[in-house]
Each structure stands twice: as structure tokens, then as C-alpha cells.
């Protein structure tokens, strides 16, 4: 494999592809994804379940199913290419240089070990310290993520924590080695709304404190709205729109993003309003439709003169780093947004 | 009168005796005596070498004689045992008033004095029998054996509740006080009406009716002395006080026991027992197949049951001349047969019964029991050849190859009005593979003339009491045929025939071995025999009964049993006596 | 150990098409699932081999008389001329195997082992199928009732299952099969024995099915579509028969298939211990029991033993494949 | 905790009652319903020569004339308070728990059971050690190397293992390796040397039964472990452990195995409990005089007190094994609370 020269970005993905051959066909979970992320910045990756957003981040950490995955492309982390790096090297980075916060803290923590033990374990992998030192560190971390009486709760088991506390503990565990890259996979999905807000606040504070790069993966645009600098919208294993948070929220150009925005519950709308669902179901990653993956559900597909079902659209830059993967000309997209979609979102 | 001999084959719980295993051979778990092979070579034998004469005679004492038993004793208590082999073996630790001579062949049928100085002296009417004990007899603990101990021992046998297994002869024949229930329940009762002991050396038995063959009963284990002070009832079998040459050293009921010389046994008082080995060991519940291999290898000496080799070993032993040379084909006084019930239609018709007898494949029957050597000789009548009075005759010739005469069978079927055959059932004991084979063989054979048999297995424990031996059950369930077998307690026509041909032993409640014979002539002849004291004169009568039963075709004889005994390596002084129909355990010794 | 399948479709945010058509929707999904499963199963060559053997064995059992007519001899017929009268062992090498007697003959009576093995398939499969059916019926009914009713009903049924699981089942089965008389309930002969064995085997195995079905019912009970049906006022029987059972079909199918080989072994064990179907009706376990007495003639044991092995293996292979196909997560 | 154990004990006693009632019913109610009289039933315990009077006496002695429920009550009374037994010249007390006296040998049942227990126990323990080590080991390796040649070979053998009846493998093993032939390297069936007498002979004599029995169970456990491991290794917490940067070996042993083994502990408890109550088929095949063979022989002879003794003992073993498993479970899995 020829490896392109390193980049100046802290994290850069180049044409990453993660495919899984199965009995039923080749599953293209991630199909040519590229993005970059700098220290101290936050990237939100948004998409429905099955869009490949989780696999992407697992791929970065090397946690995808290695047995049967076919991986190509490049992942550069702080000057090191991870796809071609030996497993041991990647493992050495995991937990220390890059860490992950998982969606469901109850199932993501081992039910048989105490919270403290699990944090201590994480800490001692990368820091040769005694158990008691590690324990002190664990209590310290628990305190920093806002768990009351950490010196006592450190010996509790995950099931003895409430949902929010568990997620805090999960974060404490992920941050225990002071990682430079933190990936949070649906960090708040399993939590109720008030706790969600607390956790998001906590993550923002901690990111500032540790100055790490943060990737937030979610299907909920509301979550990324608060935290992200940039947003990447994934659909069918591909990036279909990428831009700054403002771009995505105020000038989205892809019909799918419009749909996402339309289905987002918003405080400024009447609670009685029905959400606007996106019609149809996400594509199977085995039999990706020919042409634009979104075309079967796209209300504007007819405007491309058959292109959308015939050809895969390229990800093209629309303006100032805002990239869109759509056959419609940028002007037409903007006019539809301005005239049809935006007013509907605002008024209904 | 109830004389109920039974030497019925020992129930080995055959259903699940599997498990095979190896002879000690290369490196087994057993103790392999170093020079076993050489010794075997020294005393090279030939087939049937121990049948009529002593094989490897010896008077040399010493060594350990090892017995194995695939099952377990019914009881070691002389009052509570009824297996043929236990009566053979018990003479090693118990002495009855008289005993069968320990000698090869027919000589072994003679009764000789044991505890007594001479055979019983009958009164003229044969109702009183007097025995005088030898002097200087002692138990293992040195205390003297007296006539009172014999009296006490016999009185114990009356307690059927405590000792249900033993024979009932003494209880039935002696003149016991009314309602006497044995020494425990009728404590202190005066039983002088049955047994008197005028002094320590004299014992007098008083019978209800005359009986000229009382010595046969006196040789049974029931007259072996039991010291009253040491009697522990059902637990006495854990340590029987020895009056013979060996006494118990260690006894684990259900597992095995060992015996050592009894220091207080005096050879001078006992002309019958050479008592060669120094020590005797018995293992119980030995895997039957394993046992044969160990016998062949010399790891153990004797299969104590005397049942002969297992089916698996049979092929091996008979096909190897060297192995065959180490066996004896003992003739038993036992008949394997099938009852043909005239109470079940259409077998109430004699021609239908004759059709069954003609259609029988005798060779198949023999095969079911294991063939010529381990099964026995094809039987054409009831009395086995070694029982006095035996006459060879064949009323239903089965053709040159012994597979039956189908034409005759069809002829009789037509006569009985069932030209196309009929349907009936055949009962057998589920636990006995050979009886199963017999039933299957008969099903095949009779099927050839259209007689359709359905197999009915029953548990052997209830076979006679609830099923095949219960007349009403037989009729209701159409048990036209039932597989059966019979052996006698002592070599005598009466002992062999009475229980299976006397119609008066059939009880409505079930339990008798006679299932099918109800012939008034035969009953009369049996009664006739009772008043005849001369055994010689009785012989023609036994043959006459035999023929009469066969004429009625109510018994389908199968085989006169034989057993293929493995003459364990290293045995000395080996012989089969006609009274035991297996190796005589009193005589055995071992090479050292 | 395997969490059976998950039949619920993907749930989009805002997917509100459920409601009244939920039942039909589930049915449609069920059908397509079975199609998917079948497609998967067809690709699983090992499972298909198992299925082929199973089908073959069923055909053998059904057409036993025909097969024996063509290639063997009547299974009860004695061929004593094939047996050495002295040693009682079959004449010739390898237990008398020849073109005439494909698997050789039995010692002592010379019956055709091939025919007996073929006929043995009948008893073995018949009892295994019927016993499985009985277990499945009892297990499903009690499992659904326990899972759906909950409360004390659940407690009682669950305790009953515990009791059954702690029983020394084999000992009980032997005892029960041993004491039942030869004629009862108007039945006799093979019919009675087969019924009895079906009852014993089926009756002792139900807790295994019931436990799984109960667990499934518990989780299904809380599912959206059941809630939906309930909120629409559906009655219990409707929910059980239209909502629960279709979703329980897959686990039932899987565990029934995996119970069959267990039951074949159970029947063989009982026949081996002498409490199975009465002789001379051939059974594999019974033949093995006979063979023990003639271990010097190993072919006598090997053919019925292999028959048991092959049958059980085939069902296990097929059952495993079926589970994989219906529940891909278990792979 | 204390209340938990008390509750479990009550449940255990209830279960023993049910088990004993069912056993009793099988032997007394079924024959009665089939039309047997007390004398008829007693006659099987007095030998073939017995007269009707003897049978009647025996029926009286064995208590067959009482209604079944009274007989059962007496039996339970014997277990709780002990019983008295008339041995002829006197009366003997059989202390609680008195499991009665054999109908046939008239020996007390309890010492018999104590005598047989070491055999079955030796068989079960030895086999269990082998099958747990081999089965779990193979299962783990198979799961980790899923799809590899090893996995496929191991699972094929395991599937074959669970498809073979033990009385067939036992028979073949004996014929091939034990019965007098050139390969007769193993001990014959029916030999048992107590470990206290000679540990080497003890093991040597039990090797074949151990291996045969363990083969069957190891196959099942390998399949279970593999499936459990596959399930567990798909758990989120395994991913978390990897995300921490743990070495794969630690992930498997510390995180994976612990989760996968807990359900196996439950199954092991049940299996082992039933096994030490009598490995019926193995003991029959190898003629080992253990509890299982004892039970089968007792059934063949209709010796009810013995059958009752073994079944009750087995039930006790299963209950105790389950209790231990549950307690162990609470130790292993902190989510389980004993209350």
C-alpha cells in the first residue's frame, strides 16, 4: 500500500473504506470517507442508525471487527498512519492517545467489576503506577466528572449507579489517561433529557480542560448543535454533507439534511406539531441503490434528470469548506432550501 | 405336602450386566501371580477332564482359593439360602448332619455322614429319624457343638418371616406344635414333638408322615448347627459361626468376603473335607464377562455360581482347542422347557398342542440356550439323563435335522380344526436373554405352520406369583405358552417331577412352577410313589409319569441343561460331582 | 445460551405505520424471515447434509418394508444356518457380512442385522418425533402461560420446572417403564410401549422447552407491537395466538429440532436398559444391549451404534444450521 | 442472606417430598392400580418357594397392607425420627435418617449408599475435571479462532461427541482397549480401588470411564463455552475493554471468560449434582458399583427402599449443587442479590 505523506492535521481520514463480506453480500459500512479534525475542535457525525457513523469511529480506534473486515484508505493520527500500523501499536494508542465513550454505559461497562476497578484498569495499562495510586486517580476522576462522594462510589458496581452517573463514570474512564482524541458514540442517547444536558455540559467543559479533539457521533442534530464546530452528515456509508455547524443548521444543501432537520424536535416549535419523518427506510448497506444512495427517498430526485438513480454523485465543495454530495446544482439546492424547506420548518 | 425344590438359575439381574472388560493380560488391575502360566502348563488338561475323575489330584495344603460371583449370595445364613452353589459352598464353613460325598461323577450322589457318626436311623414306619453326633466337634471359638445347636438351627428355619429364602422341608415335614413360628416369635415353646435331643450327641426328628428319604433333607444347610447365644437373626449372615474347616475373616455383605482356616476344626472328626487351601477369597458382583477372562488368565479360580461361561466367552473358548481343553461340560439335573396351557383356547384341544410340539424347531430351542455345550442336550422328555429312572423316548420326532416335522404339525392342526393355525401368546422372564431368545425362536418356528405367537415379557420376580404361574391370569391373558425351567434339589425322581407335574401344586393364587399339567393319572402315580420305600422299584414309575405327561403334550421340552465350566488356572483336585453339578468346592485346592 | 431471533423490524423515528395492521405486518415479516432463513440454510452445506440424512432416514423408516424386501430379509426371521452351532457366532469373516446379508447376522439366531437396523429407524424416529411433539406442546403451553400470566402462576410453573430438572430422570424413566403392565388403557403390544415411551420421554423433557418459551414470552410481552395490540383493546387469546405465537415459532422450531436427537438418545438408552419397546421388535438400543453379550462379535454393536450416531448427528447438524439461519447472531 | 437460605431449605424439603412421593407412587400406586394385591406384591420379596402364608407374613412385615399414604408416612417418619427394625431375636434401632431396609437383602439402605458414594463420586469428580478443562478450553480457543481449521475440527468432534450414546462409546472403548487383545492397556470394567488404598490404581481403573464420560460432557461444554464466548465477545463491555488498550489475552481471560463461564457454572451444578447421584449408563457400561448401578439393580429387583434412597440422595445432591451454584453466582455476578 502506498501511503501518502503525513498531514498537518491532528486527525485525518482519507478515503476510508470498511467493508464486511457476509453470506448475504458485501456490507459497505464505510465507503470512501474523508475528513480532518484539529486539536481542541469538535466534529459531529450525524446519521441514522446503519449509516456507518459508528463503524467509522470504531475503525479509527481499530475496534472494528478485524476478523472479517476489509479496510482500505488511510487514518492519520498525529502523524502516524493507523490502517497500516501493527495492531500492537494501535493498541498502545487506545485509551491513552484516543479514547471512546460508548452509547449505553450499562452494557459498555463490565457488570462483574466495580467502577473503580474498571477505571484503575484503564489507568494502569498506560501508567505504571501502584494500585493505590491508580485508585486515588480513579477517585479523582470520578470527582471531576461530578460524581458525589467518589471515594465511596468508587467501589460500587455499574448496576448500582443511575444512568447519568454511569455515563459520567464512563467519561471518567475514557478520560483517565488524558487522551488527545475523544470519540463519543451517542453519549446521551440512553439518558433522559435533563441528564443529557448535564452530560453535554460536562463534555464541553472537559474538552476545554483537556484540550482534546472530540468527535461526537449521534443521530440527534440537537446534540451536535451545542457542541460541534463542524458537522459531517453520513448516509449509506458515505459523507453526503460536511460543513460548519452554522452551515448545516442555517444553510443545509442536501435534501437528507433537510429531512434530518425536519425530524428534529425543537423547543421553538409548538409541541403539538407532528415531526416530519423522512419517508422510507435507510438503505441496506449490502444493496446500495445505484446512483445516489438517498435517491429512493429523495423528494427532489426527479429534478436531476435521472442522474440520481444512474450515477453516484461526487462530494463537491459548495462554498467555504461546505461540501455536498448531490446531483442538483448548488443554486437549485439553495433555492429549494430558501423557498420550500426553510419556511416550512420555521412555520409549522 | 410341599416340597418345593428350586435350583432355578440364579437371577443375575441380567438386564444390565454389561460392561466388559479385560483379562488381566498385559497389565490389568488384578493381582497376577507370577508363575501362573507355567503352572497351567504343568497341569495340562483336556476337555471334560474333571467330569468323571479327579483332575490334577493333590493333597498338598496351602494357597489362596479365589472365587468370584457375578451376582451376590441370597444369604450366607444356613437357614436362609437356597441357591445350588451356596449349598455347595456352605460346606466350607458349615457341617450338616450328613452330606453328599465329595467325589467325581455319580459317586458324588451318595449321602455320607458328616456331623453325625452315621446316616440317619429311621424307625420302622420311617416317621422317626435318629442321628448321633461325633465326639469332639467344636465351633470356631472352641465351644463344643451339641445336638441342641442342631435342634435350634432347624427350629430357626421355621421362621419364614425372618428367613424367607431357605427351603421349607423341615417346617413342612416335622411334627411342630400348632402355630409354632420359630425360636424368636415362639420363644421358649416346647418343640419336642418335632425334635428331641435326649443328650448332647443325639438328635431325633419326628415326622408327620413317613418319608424314606430323610437323609436328603438332613444334608441341607438347615441342619448346620447354630449356637443360640450367638444368633443375631437377620444379621447372623454377617458372621456365621463356623463348624467347618474355614471361618469368616472379613465379610462385607454385597461386596465380598474372605475366610481363613478354623483352628478348632479337627480333621479327625471330618473324613470328607481335604481342606486344601489356607485361605479363601470371594468377590461379589464381578462383571460376568470380565470374570470369564479372569478365569482364563488365572486371576481368579472359580465362578462360584457354576453357571458356566458367558455368551461372549463361549465363542472364544470353544473355537480355541487350548482354551477348550481347560473346560468341563457339566451335565445339570435341570430341564428348560415351555409350558403349553390346556386352559387357553384352542390349546384345550390336544391336537393343537401336538401341532405346537411337532412344529417346534428343537435345534433353535437349543440354540437359544447357547447350543450344545452351554445350552445343553435337546430334550425329548422331562427327566434329565442323570436322574434315576430316566428313559430315552421321543413321542414327537422332529426330523433328521431336529427342526420340526411340519407335515405332522399341519396334520394335527387340521385335526384340531385350525388348519391355518391360530394366535396365542408366549410368556417369558424379561430379565433372561435366553428365555427371550427361546420365545423368539418359537415365534419363528411355529410361524411356519401359521401359529402366531405374541411375546409377553414379565419381570422374573413376579413371573410365577402374578403372571405365568397364576391360572386365572393365564386364561385371561391367553398365555398359551410360557417359557419355564426346572431343576431338582437332590437327585431323585420325586424331587424332580413332583413340583412340575402334580396338578395339586397349582394354586389359584399363583406361585407354582407347574403351569399346565393337570393329569389325574399322574397325580395318582405320584401318590403311589410316596408309599414305596425302595428307590429301585420307583424308577419305572418315574419314566411312566414322564411319558404320560408327554402324551398329553402339555410340556414342550427344550434342553437338558449343561454348563461349560472354566477350570480355573492353578486349581488342583478338581472334579464335578453329580450332586453339585459343578465343581465340588469341598475338594478344591490351589497350586502354590 | 442463544438468544433467539429478533423479528421486530427497524424502528425509524416517527415510524407510526403500526397500529391496526400490526398483526398482518408481523405475519409478512415472518414470511420474509422464513424465506431469508431458508436462503441462508441452503447455503449452509453442513446443515443441508444433515437435512439430507434426516430426510433419507425418514424415507428409510417409512419404506422399511420395501427396502428390506429389496436388500434384506424379514427382520424377525432366524437364519440359524448362518451361525456356527457350537460357538453360536456367525459363520464367515466379519460377522457373516456378504452381499446377501449386508451388515452380517446376529449371533445365536442369525437374524439379518441390516433389516433390523432399517426397521429400528422406525421405532427410533417415531418415538423421538412424537415425544418431541409432546414436549413442545406441554412446554409451549406452560411457557406461554407462565410468561404471559406472571405472578403466582409463573411461580408455580417455574418451581415445577425446577423440580423436574432436579429429578434423576433416567432412574425414574426406567422405574416407570418397568412397572407399567403389558396392557393398559386399552392398549397393548408395541402401541402401548411406544405410547408409554413417548409419554415418559416427552413428559420429562418439557421444562427445557418451557423455560425458553417463558423467557421469550416475557420479552415479547413488553414489545411495542404487543403493547400496541393491547392498547387497541385486543383480548388475551388474540394477543397470544396472533401476536405471540407467530413470534415464538422460530425458537420453538429450533429447540424442537435440537430436542429430537436428545430424545433419540433417550429412547436408545431406555431400550438398552431393557425397558424400551418389547422384543422381538428391533430397536437400536435393544440391539446394542444384545450385542454386549457378544462383544467378541463387534459388528453386532457397530451397526446399530452407528445408526444411532448418524441419526443423532444429522439432527444436530440440521438443528444447528437451522438455529444459525434463523438467528444469525448466534453464529 | 439467612432468610434466603431458609427459603431455599424450605423449597428443598418440599422438593424432596415431591420426589419421594412420585417414587413411592411409581412403585406402590401404579402396581396397585394395575391390580396387584399386597400379598402379590410381597411375594416377590420372599423367594419363589414361599407359600401364600409366607407372602402374607411378608406383606404384613413390609407394611403392604396399609394404605399407600400410611406407608409413605411411615417412610418419612423413619427419615425424620428413625425407625425400629425387627431382626429376629431382638429389635434394632435404625437412627434417623433411616432410609429403611432392603426388601430383599434386609440390609439397611443408608450404609449401602455410603458405601457406593465414593465410587460414583470418584467417577464424577475425575470426569468433571477432565471435561471442564478440556471442554471449556476447547470452547474458548474455538470461539477465539472462529472459522479456523481448529474451530471446525473441534466443533465437528464435539458434535460427534454429543451424538454418541455413552453405552456405545463405552462398549467400543472396552472392546478396543481393554478386553483381552493386544491393545488391552486399560483396566477392565468393574474394578474399583479406593483412593485411600492406592491412588494410582484408583486412577488407572477409572481412566476409561472418566474419558468416556468426559468425552460426552466435554463435547457439550465445548459447544456451550464457544457459544457463550461468542456471545460475550460481542458484548459492549468487551469493546470497552479493548478501547482501553488492554491486550487481547487480558480481554479474553479477564473480561470475556468471566462473563461466558457464569451460565456454564449453572449447568455444571445441575450436571454434577445429577451425576454424583448416579451415572446410570456409565456405571452400567463399566460395571462400576456406584449409586447409578445400585439404582438400576434395585429397580430390576423391585427393591423399593433402595430406589427411594438413591433418588432422594440424588435429589439432595442436585439441590445442594444448585444452592452452591446460586451462592457462587452471587459471588461471581454482583448483580445477583440473594434475598
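All chains are identified by letter, namely A, B, C and D, in their written order; residue positions are counted from 1 within each chain.
As a working rule, a residue touches a chain if its C-beta (ideal position, glycine included) is under 8 Å from a C-beta of that chain, and two chains touch if they have at least 3 such contacts.
To keep track of the chains, here are their UniProt names: A = Dipeptide/oligopeptide/nickel ABC transporter ATP-binding protein; C = Peptide ABC transporter permease; D = ABC transporter permease.
On a predicted model such as this, the values are computed, not experimentally measured, just so you know.
Trainee: If you tally contacting C-beta pairs, which comes out ahead, B-C or C-D? Let me know.
Mentor: Contact tally favours C-D.
Trainee: Report the chain closest to the protein's overall CA mean, measuring from each chain's own CA mean.
Mentor: Smallest centre-to-centre distance to the global C-alpha mean: chain D.
Trainee: With chain centres defined as C-alpha means, what is the inter-centre distance between chain B and chain C in Å?
Mentor: So the centroids are 47 Å from each other.
Trainee: Please work out the Cα centroid separation of chain C and chain D (ABC transporter permease), and write it as a whole number of Å.
Mentor: Averaging C-alpha atoms per chain gives centres 24 Å apart.
Trainee: So how far apart, in whole Å, are chain A and chain B when each is placed at the average of its C-alpha atoms?
Mentor: Those two chain centres are 91 Å apart.
Trainee: Send over the residues of chain C in touch with two or more other chains.
Mentor: Where chain C meets two or more other chains at a single residue, that happens at 178, 273, 292, 295-296.
Trainee: Would you give the residues of chain B that are in contact with at least 2 other chains, written as numbers and ranges?
Mentor: Where chain B meets two or more other chains at a single residue, that happens at 15-16, 18-20, 289, 431, 459.
Trainee: Tell me, which parts of chain D (ABC transporter permease) touch chain B in their complex?
Mentor: 36, 39-40, 43-55, 57-58, 61, 86-90, 92, 105-107, 112, 115, 167, 170-171, 174-175, 178-180, 184-191, 193, 201, 204-205, 284-289, 293, 296-297, 300-302
Trainee: Report the residues of chain D (ABC transporter permease) in contact with chain A in the complex, numbered from low to high.
Mentor: Chain D (ABC transporter permease) residues touching chain A: 146-147, 235-237, 239-247, 255, 258-259, 332-335.
Trainee: Spell out the part of chain C that touches chain D (ABC transporter permease) in their complex, as residue ranges.
Mentor: 1-3, 159, 162-163, 165-168, 170-172, 174-176, 178-181, 184, 261, 265, 268-269, 272-273, 285, 288, 291-292, 295-296, 298, 301-302, 305, 308-309, 312-313, 316-317, 320, 329-331
Trainee: Would you pull the chain B residues touching chain C in the complex into a rising list?
Mentor: For chain B paired with chain C, touching residues are 15-16, 18-20, 289, 310-316, 318-319, 363-364, 367-368, 370-374, 430-431, 433, 436-437, 439-441, 443-444, 454-459, 477.
Trainee: Can you tell me which positions in chain A touch chain D (ABC transporter permease) when the two form their complex?
Mentor: On the chain A side, the touching residues are 58, 61, 63, 67, 91-96, 99-100, 102-104, 107-112, 114, 121-122, 125-126, 157, 159, 173-174.
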